[in-house]
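Each chain gets a letter, A, B, C and D, in the order it is written, and its residues are counted from 1.
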Amino acid sequence: MPASRFLPHSALQSLLDALTARGYAVIAPQARDGCIVYTETRHADELPWGIRLEQDPGSSRTIKGTHRQAFAWANGPQALKPLVFAPSEPLWRISRQADGYAVKAAETPQRPLAVIGVRACDLAALAIQDRHFLHGPYPDPRYGARREGMLLVAVNCTHPASTCFCASTGDGPEAKTDFDLALTELDDGFVIEAGSAEGEQILAALPLQDARAAQVEAAAAGIRHAAESQTRAIPGRNLRDALMARLEHPRWQEVAQRCLACGNCTMVCPTCFCHAETEQPELDGSGSLHSREWDSCFGERHGYIHGKQLRPEISQRYRQWLTHKLASWHDQFGRSGCVGCGRCIAWCPVGIDITEEAAALLK
Amino acid sequence: MSNRTVNLNVPVLARVEGEGALDLSIANGEIAELRLRIFEPPRLFEKFLEGRSYLEVPDMVARICGICPVAYQISAVQALESVLGIEPTPWIRDMRRLFYCGEWIESHSLHIHLLAAPDFLGFANAIDMAGKYPDIVRRGLKIQEAGNAIISFLGGRSVHPVGVRVGGFWHAPSTAAAAKLLAELEALLPEAEALALWTVSLPLPDETQDFECVSLGHAGEYPITRGSIVSSRGLDIGIAEFDNEFQESHAPHSTALHCHHRGQDYLVGPLARMNLNLDQLPSATRKLLEACGMRFPSFNLFHSIVARALEIHAALVEAIRLLRSYAPTDAPYLEAAPRAGVGFGASEAPRGILWHRYELDGSGSIVSARIVPPTSQNQARIEADLRASLNRFGLDQPEHEIRQHAETVIRNYDPCISCATHFLKLNIKKKA
Amino acid sequence: MKAQRPRIAVHKFASCDGCQLAFLNAGEALLTLAQRVEILHFAEAGWLDPLAKVDIAFVEGSISAPHDIERIRAVRESAKFLVTIGACATAGGLQALRNGVKEAAGWVADIYASPQYIESLPESRPVSAHVKVDLEIWGCPVTIEQVLGATASLLNGVTPVNPGEPVCVECKRRGHACIMVTQNAPCMGPVTRTGCGALCPGVGRACYGCFGPAELPNAVSMAKHFEQAGLDKREVARRFLFITSAAQPFADVGRHYKENE
Amino acid sequence: MNSPHVPQTARIVERIQESDDIFTLRLRFSDAAVQDGYRFAPGQFNMVYLPGAGEVPISLSSDPEEREDFAHTIRAVGRVTRGLAALKPGDEIGMRGPYGRGWPLDEAEGKDVFIITGGLGCAPVVAVIHYVLKRRERFKRLVILQGVKHSHDLIWRASYERWAQATDTQVLIAANSTEALWPWHVGSPIDLVSQAEFDPANAVTMICGPEGMMVAAAKALKARGLNEADIHVSLERNMQCALGLCGHCQLGGHFVCKDGPVFSYPEVKVLLERGGL
């Protein structure tokens, strides 16, 4: 095991520069519009220094903290998902020819991204999405193109929100695999380690110090504390049989009274993969553009077949969401679809809490 | 001169915004009856405003007119800010002017190309005109789109924009968006020059009349978002004094109210503005005016189309100036606690002065609202103009030509009937 | 050749003219459209033949005056496919705020000097209250993309799609910060139909529902949430009784709150 | 090259009107190499693409051994299918596929084949009837049970009458309501399961129809002593991509597009019996 190293806050820019020098567009968190967004970033001082996030069911507030850390918050509404699985994108264009049609696949932009600030829950979600989009019978070329060049700089979570429960799903707060670099933030910098050969090469280009034992211990303690301070938990790692035995539970009706069927939970969920396809004909009749966009099991297209809506009630749509995420996901991916990031709790406008609903259903 | 009797009825006026009709009867070589009849059902807006929060007003009044929603929003927020004691920052003032320039450009270009020009060139509509003058129509549509782009820059969309609020704008657009828009507008400036020169070349009827021009006037700027009320006959009053000088009445044949200045018809709109504020035009537009070889003030109403084209140019120059110095702000709007009071707002809609008055209670609810749009101010003038021009045109002309001429006269004012037919709360004594 | 082009008409009833602008603001696409179709009636743009038989009739505006009823029936008879454009034609529009208001009957008579000349029905109603509608395009105003997209589909011989998903979905696709969650703003996005491109959250303000109810709106829960967020009953009622106050799910909840303030 | 992600163009070589709203399109890929390499099994489907309208999943209805072309039998019900109905021979459309798991025809060899369909002319099973009749020697008895709501919904009536004459073939037809002179059963098709002549110990059943009917049929078959594993059903869900990616066709843990559309009954029994999933 290589000795741990330390990157002072003052040298964080060197990481951005090293990534840029290797041809990456750097994506990092910034505080904007009252939340944390992952966006193209050139300067380390654009990061959310001194910002904290207070998240509760249906509520998220950025507040100025007293500290000077850049990652003293848990997560924003989106992280990796939109970067690999585009919210909307063209698939092909078909154009009318003298005698029929010609189809041309849309190009996928292939700009390698380096993402700084990836959380353990997001890495776990990415692994699921990789499996879904890349390891089935028909690997998705667009996802693949974006994913292939992506470099991941994880930052272990030391400031979970009240909505977080990754400890109970086993996906965080520490990033264990699938990263190129992993950082743990202290008051004056980061304990940093590499998780891949490319990560090692980048480390070599940074002005690092050897981490002192106290720093290494403080980093570990920060992560430990993050796990211990989580107040929410999903009641069990595998709820498949328990939930499938409760498809007629009165709780579905009860939650449907509150649920707006707005789909926000699915949009922010880092593992949800549903999408719909759309067709836009040209007005001049010359052809048509075929695209896809994020869709949700709360929407009308999901359960529609001709002349029939298979899930006309909000209770049925909520049940689809919850049973897919926590039950049938096990059949598809050998694990739960929930990585404990808590996004669906914070970004549900009416604060419906998946951990609470699951617990109520198990009663 | 024949003594024939003509009963001309144009049940739906084409190429005007909203639904109006013209009734004209000629007996013994004289106009016996002439009515510009506005029959759009009243939409009762002022009544709906009562009891709503002042914050809801901009979204509601925008719906009075899809062609000039910006004008409604700006007149309204001004009036409400005056009650609340909000004094807009320079950023907010500049952005309002920019926003409004977009509407002038859009509305004027729409009127010139899609509504008015086909008259002068003998086409039934702009699509037919595009058959012979494709580049002219394309240029017009492009300029119109640029106006819409300016509105969308601040408002999200060009019809019923969502970006305006009492106190300023909901958000400050990004520098990147400003730079993109600026580049588009700069590329369009030569086109706007060419457009103005083209309008001068149109075969416009020669029809000079005597009337009063009324517009806003503001020291140091061509009047768009603010000013006092001035006229070609020496009027100069604050907007709160509107009622002392102007009177609205209900002509039975119309769902719009007519507005008179001390019993006389008067003109608002681009020609009135141009006549009264020539020295406030940007210097580039003044140069263009010289190149056009036109002389303002002009009392030939058909010169309105030239005035519109010059105003497009002026608005474009202004928009470019404002965008060149654009920087986002952290405070795109100001807030104030609601308080009771009465406030007035007036701005220059593309068609002329749009005057608002609101009374608020202490909780910020609207107690009463009154809106005087340009079309009701111009309506008496249109009827007077029609009488004069038709007499001059010759009442013995073939009926279809009289009709065509009458419609040309009306369209030239760019009357907006949607604006004209909302509910106006007035204390009118009913005739027994 | 020319005779084979599909024929269209654009009719106007009580409205602000803003939805017709989806055609007039379309720029180059307007010229493209004019090549693909034959326009027979579109008063604002210069075509006058209201009774002409057409393949597609677009209708803007609500039915709010007695003569409107005859006119909309004639439009229906003359058209193979009738499309309403905008909140007025689809849901009665903002002017439907007078519906069900007792005093409204007196408003006209009180104010106009000669009310006998003002023709107005007591309620402003959607086109579908009077005749069969083949496609309803929501929005106040509708967008160019919606109207020309639907037109392109129809010219292609295909019924246009009419998405009913909530604004939230599009808001998230665009990566906007949810202002309900970050600012406690009373946003109508969860129960409002998409189509605008999530404009309001995009400029940091609450959606005010101008595209009408979504496919499966839980307006009751939304209203309760607004109350919890600090709105009083009158304010809650006004959220629902605004641009599409006559659309059923909004009307029901809005009236309930108005009556129970 | 035939990519699963992008449609290939295919030309309509023949259009047959089967009934008022059902038609068959015979198609050939415009690219000869694609047509040459194209293989499918009965029960599989294509994403049929009408440019300007969109794609819909449609089963292949032709015999897999006819290599010159392939066919889809389509009912015009909505946006895309009505648009497809308006096409003429010579027109081009787009095509992606084939996708999914087809009927277990190998497994059925040497056994009785019992086909149950509900609703209007279930194209994928009709293809199986043709398949079996053409290779009669490979199979034992053939029982065809068709249920329709109303007698006038029965399409291919002449075919049923013809099949009923074939050796070792039994045709059972039921309609819930009928016109006069209806020679077959009035009532539910499930009633007829008891009349079917087959050997429950050596039979394969293939069912296609509304989910409620399939559940009821499976129950009746079990009552006849048929092993659940010998019952196969074809399911329908909304499909956007057909690649197992878009998520719309999920039924429990299954992606109907790639794990199905044909399932053995035990795989989906619990989910189907529950409904609303």
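Simple rule for what comes next: a contact is a pair of C-beta atoms (placed from the backbone, for glycine too) under 8 Å apart; a residue touches a chain by one contact, two chains touch by 3 or more.
Please read all numbers here as calculations on a predicted model, not as lab measurements.
When you average the Cα atoms of each chain and compare centres, the chain farthest from subunit B turns out to be D. A separation of 40 Å divides the Cα centre of subunit A from that of subunit D. Between subunit A and subunit C, the centres computed from C-alpha atoms are 37 Å apart.
The geometric centre of subunit B is 64 Å away from that of subunit D, both derived from CA atoms. A straight line joining the Cα centres of subunit B and subunit C is 25 Å long. Residue numbers of subunit C whose C-beta contacts span two or more other chains: 152-153, 156, 158, 161, 204. The residues of subunit B never reach two or more other chains; the list is empty.
Counting partners per residue, subunit A has 278, 281, 288, 295, 301 as the residues that reach two or more other chains.
Arrangement of the chains shown, judged by which pairs touch: an irregular graph that fits none of the line, ring, star or complete shapes. Pairs of chains meeting the touch criterion: A-C, A-D, B-C, C-D. Interface residues of subunit A facing subunit C in the complex, by the touch rule stated above, are 32-35, 37, 58-62, 77-78, 82, 87-88, 256-264, 267-268, 278, 280-285, 288, 293-296, 299-301, 312, 314, 317, 346-347, 349-350.
Against subunit C, in their complex, subunit D makes its touches with residues 50, 52-53, 78-80, 82-83, 86. The touching residues of subunit C, counted against subunit A in their complex, run 29, 32-33, 35-36, 148-149, 151-153, 155-156, 158, 161, 164-166, 168-169, 172-184, 187, 189-191, 204, 214-218, 220-222, 225.
Subunit C makes touch with subunit D in their complex at residues 152-153, 156-159, 161. Put simply, subunit C touches subunit B in their complex at residues 12, 14-21, 24-25, 27-28, 30-31, 34, 39, 43-48, 50, 64-65, 68, 93-95, 97-98, 104, 107-108, 111-114, 116-121, 140-141, 143, 196, 199-200, 202-205, 208, 210, 235, 238, 242-243.
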